[in-house]
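For reference, chains read A, B, C and D in written order, and residue numbers begin at 1 within each chain.
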Amino acid sequence: MSGNTFGTLFKITTWGESHGPAIGVVIDGCPAGIKITEKDIQKELDRRKPGQNKLTTQRKETDKVEILSGVFEGMTTGTPISLMVRNEDKKSKDYEKLQNLYRPGHADFTYDAKYGFRDHRGGGRASARETIGRVAAFAIAKKLIPKINITAKLIEPSLKEIETVKKQGDSIGGLIECTIKNIPAGLGSPVFDKLDARLAGAMLSIPAAKGFEIGSGFKSVHMMGSENNDEFVAKGKTKTNNAGGILGGISNGMDIVFRVAFKPTSSIAKKQSTIDNKGNKKTIEVRGRHDPCVALRAVPIVEAMATLVLTDEYLINKTIRNS
Amino acid sequence: MSGNTFGTLFKITTWGESHGPAIGVVIDGCPAGIKITEKDIQKELDRRKPGQNKLTTQRKETDKVEILSGVFEGMTTGTPISLMVRNEDKKSKDYEKLQNLYRPGHADFTYDAKYGFRDHRGGGRASARETIGRVAAFAIAKKLIPKINITAKLIEPSLKEIETVKKQGDSIGGLIECTIKNIPAGLGSPVFDKLDARLAGAMLSIPAAKGFEIGSGFKSVHMMGSENNDEFVAKGKTKTNNAGGILGGISNGMDIVFRVAFKPTSSIAKKQSTIDNKGNKKTIEVRGRHDPCVALRAVPIVEAMATLVLTDEYLINKTIRNS
Amino acid sequence: MSGNTFGTLFKITTWGESHGPAIGVVIDGCPAGIKITEKDIQKELDRRKPGQNKLTTQRKETDKVEILSGVFEGMTTGTPISLMVRNEDKKSKDYEKLQNLYRPGHADFTYDAKYGFRDHRGGGRASARETIGRVAAFAIAKKLIPKINITAKLIEPSLKEIETVKKQGDSIGGLIECTIKNIPAGLGSPVFDKLDARLAGAMLSIPAAKGFEIGSGFKSVHMMGSENNDEFVAKGKTKTNNAGGILGGISNGMDIVFRVAFKPTSSIAKKQSTIDNKGNKKTIEVRGRHDPCVALRAVPIVEAMATLVLTDEYLINKTIRNS
Amino acid sequence: MSGNTFGTLFKITTWGESHGPAIGVVIDGCPAGIKITEKDIQKELDRRKPGQNKLTTQRKETDKVEILSGVFEGMTTGTPISLMVRNEDKKSKDYEKLQNLYRPGHADFTYDAKYGFRDHRGGGRASARETIGRVAAFAIAKKLIPKINITAKLIEPSLKEIETVKKQGDSIGGLIECTIKNIPAGLGSPVFDKLDARLAGAMLSIPAAKGFEIGSGFKSVHMMGSENNDEFVAKGKTKTNNAGGILGGISNGMDIVFRVAFKPTSSIAKKQSTIDNKGNKKTIEVRGRHDPCVALRAVPIVEAMATLVLTDEYLINKTIRNS
């Protein structure tokens, strides 16, 4: 109801603020009998972690995951799986100076507008750290659909461009493409929960995402039907793939291909004008360690969200046909 | 669960196939005391109807709505509102020839793959007629948020371009822009139900939608943070509006501006190659009355879905603050 | 959200007031490929109908069901099934005199308190006619679990006792026992959705229900553990059945046996004191055709609700184990 | 979906096994601005704790709660509240001997039947320790409805009776009555989510609950309408209270009064016959510290669940009327 739960059968609820005691997720609906260890989850969290290369933030996050429930002797039991990561690197002093300022591009003002006040240390729930819970859940979800292959990559801008803007104390946007291979025809649901609608919603729930397109996407605006229609050559096979693998909200057996646009990181070293929470004009320089290209770190989150959607649809699909 | 329900508090469930006895919607969660008549709903349905101009299909749809429950003496009672439109123009003979063929760009194959068989008369649930229920629900939803102004329009292609492709027996895609004015800051939810995530999901649930972007959208991929960040000049007011009115999933008081890309109508008169449901190669010419630009008819659906999202968030918002 | 939907995977939404144009239900989540005709549904509605014997009301309800969607050539398609029954016997004049009075035992006052006003013709949504939608949905649900045998019967009072109170212009309560045979071990869910918790909620949702007990029920208050514990003699078999077929919310393979207590019909011919909607004292005599024992008519509703719970759990169960 | 979430707007998800690392709850939907400290929650947990008197188990549970998210400077922020209690007293050796045996009256067999295997240390999710999460959530929920007074008490059997069965190495059932005072008329929902239906479902979700009745309950089976109907004397006031404060699923302003029947504790020292997980006949003596009357410890859980239902309905009610 309040937006922290994703999925209908493979259901995850994330919790935790960037500068609170911990961050975590509860997964309800994971079938019993899946092999899972803290190591499996840790591997995915490590991949998500900043500081992986010189172009992501240097915030030292150890992010050690702890399995608190739902796994017994290395196997899921069918009961809720609770995963937690302690927040260890709480430099909230960096944020004290900012506590009454509304950072441009951030959710500071809107959280205040909605809730009346907010946890001003870091981004609170709007922080990228919230995605830790998603990635932890993903490490389990992917085990349910081992044959389906989901890969995301940054296709724009180049690493060189990112380096350039970093030197300028600025940031840049980015475009991620995700390809889902080996997906059977018939996954997805009609009308409001179309597979592409769910993917779009999942992708736009990632911090800084500003756009989603599938198959020929925005290009199809200028295409003609005779050009855009994908002719069937066999069941589950079309000559072209302008549909991006989905027709009527349901997978058609071709690769699912979609792209997600990310805005540039909102936190930049450059001086900006803004207001404080009384409405007074102020200037702001957001110091500290910031990613020059937030999209670079969003790559595993795109994979995680796509996997969560497909795992959920895989379970839903089990209930569809009578037998 | 099976994808036919939208919303959490203002909850609509649409039902009905294009060539079945009727199409309808049940609205649960509409507050009591809202004035509504069949005329109010009819007005919106008429606007949605094809045959409005020479560029939309000439299918004669009378589409008379009937209020079956939930309204007493012109007022909503707080109980479920059931609305029904009889299907009257059932030329299913047009479809008999097609019944074993998979039309390119349509959901024929994917419905077969999912359910094992399908109602082959018209598009079934994948038909644009399914949107009748959405528009009927919208006629009621908009009464709950009378101050918020939601307007969509086709910005590409031009009517002249559409006429040209029509003459060629072909179709063309389209781009719709939607602007939401007079929206208070603080609407929306964090994390998975971000207002932009919900809008993206809602828009991609519209038949033929292939992309969604908000604010600077895909353009932000190449923008720098210093350029893309909107500086606050007052509470609920920023100098630019690259965010498109939403920060961290919550409205910031600026206009919400988003665009939706639609593919060209899949049904075209031109001959195409395809297969039948045994996998044999066939050719197909989809005769009958088809829109040369499906986006033209999607304009009121975009408005309807945006309204349904905002009405739902308006009700959710009532539960947020303690008092 | 507003209480008119039941179930998570086999999900039904009922709509309609007793004296509005129609009553109906939308079923979402029914698998494709189930054989169903209007005749199948009509049979169950006829069984529910009043006027079946001299002890139920003589209201002439023809209650002809119409399948509006989701069934094609006699088979469910996997899309929402919309069922409707027109209200034909609208003697709302009987109710005009009562329109400002709060009938004792009825929901007149509480609906006013909740919604600000109400449809005062008959009971509105609180009428027993609302259960038509449940019974129609049940006719389909039972086809998904053909091996499970669900039977309810009135065990108290005797028909003779009912006849006696009828002659007195009064009414009497009743006790229904329901037995579910041939149920496999392992159905049900833990914690909040325990099978017995769901059955209790489902039963108390039936108009006039005042109590629920399973197995040894209220008698177990005075039993000792050594007496109440059911010893296992084989998998799915215990020596006694004080548990009533459910342990920890999950079926254990024994018959599920529960009882539901119903209060006497609230509408009685005898004169009663009450108030009107201004708070003035009044007397009331509820004329018309009323059941002397509402429990007699609740028997098929108890079966319907039990079936809806089990069908839902049957579908949920398909998603539990990994394979 | 998998039964570990309760509520629609004030939504709690409990997790954790009796002998796993921890037990906890995530609360989503709690409004911002509620004052809450770990002390407030600890107070309720301490009241729930066993070992409070000589008639409850002597298991030493320190049960220190930790607030992991959603509270900032002593106030709820509107984001998910994560609460955790570490399991400290893990005598799982006691259970090793039992690991292949199905304890009579317990969920050992049914969990095996459902999931294929189970965490055999203690009751896993079926343990009474699972209720820790409910009580922790209750400590917060009650702050949202400070004027409503909810009190449960054991009305049968007497403490003397309990002492007697304890000496015999046996256990006994119990009856709890709960009274809700100061509740406004108009709370609750129609049809499937009737307030009494929700209470019934909530109560039967408590381990060992076997029955629920409201107002005249099972007694009403033998009452006549003229006797059972409560005459209105003013708005929100009836002469008698056979309804138990609810009409048509909605509160009528009178006290809500219901009773819950609990079976005797299943774990008893006396020798019992059973089978192991291969189906072989065995005898069992469940040693260790067990409550002679589980109902005694269920008193705060009944209050907790009633509070969770009412808090949820209180939030739902905010969305009902248009204004």
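By our rule, contacts are C-beta pairs under 8 Å (C-beta built on N, C-alpha and C of every residue); 3 or more make two chains touch, one makes a residue touch a chain.
Note that the structure is a prediction, hence the values are computed from the model and not measured.
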Neighbouring chains common to chain A and chain D, by label: B, C
With centres defined as the mean of C-alpha atoms, identify the chain lying farthest from chain A. C
A-C versus C-D: which interface comes out with more C-beta contact pairs? C-D
Approximate Å spacing (C-alpha centroids) for the pair chain C, chain D: 25
CA centroid of chain A to CA centroid of chain C, Å: 44
Which residues does chain B have that touch at least 2 chains other than itself? 1-5, 8-9, 14, 29, 32-33, 78-79, 114-116, 125, 190, 316, 320-321
In the complex formed with chain C, which residues of chain D make contact? 1-6, 8, 14, 102, 104-107, 109-111, 113-116, 123, 125-126, 130, 156-157, 165, 168, 170-175, 184-194, 196-205, 207, 209-218, 220-236, 238-239, 242-244, 246-253, 261-268, 270, 272-275, 279, 281, 295, 316-317, 320-321
In their shared complex, at which residues does chain C touch chain B? 1-2, 4-5, 8-9, 11, 13-17, 20-24, 26, 28-29, 32-33, 66-70, 72, 75, 77-82, 84, 114-119, 124-125
Of chain A, residues touching chain C in the complex: 9, 29, 31-34, 76, 78-79, 144, 190, 315-316, 318-322
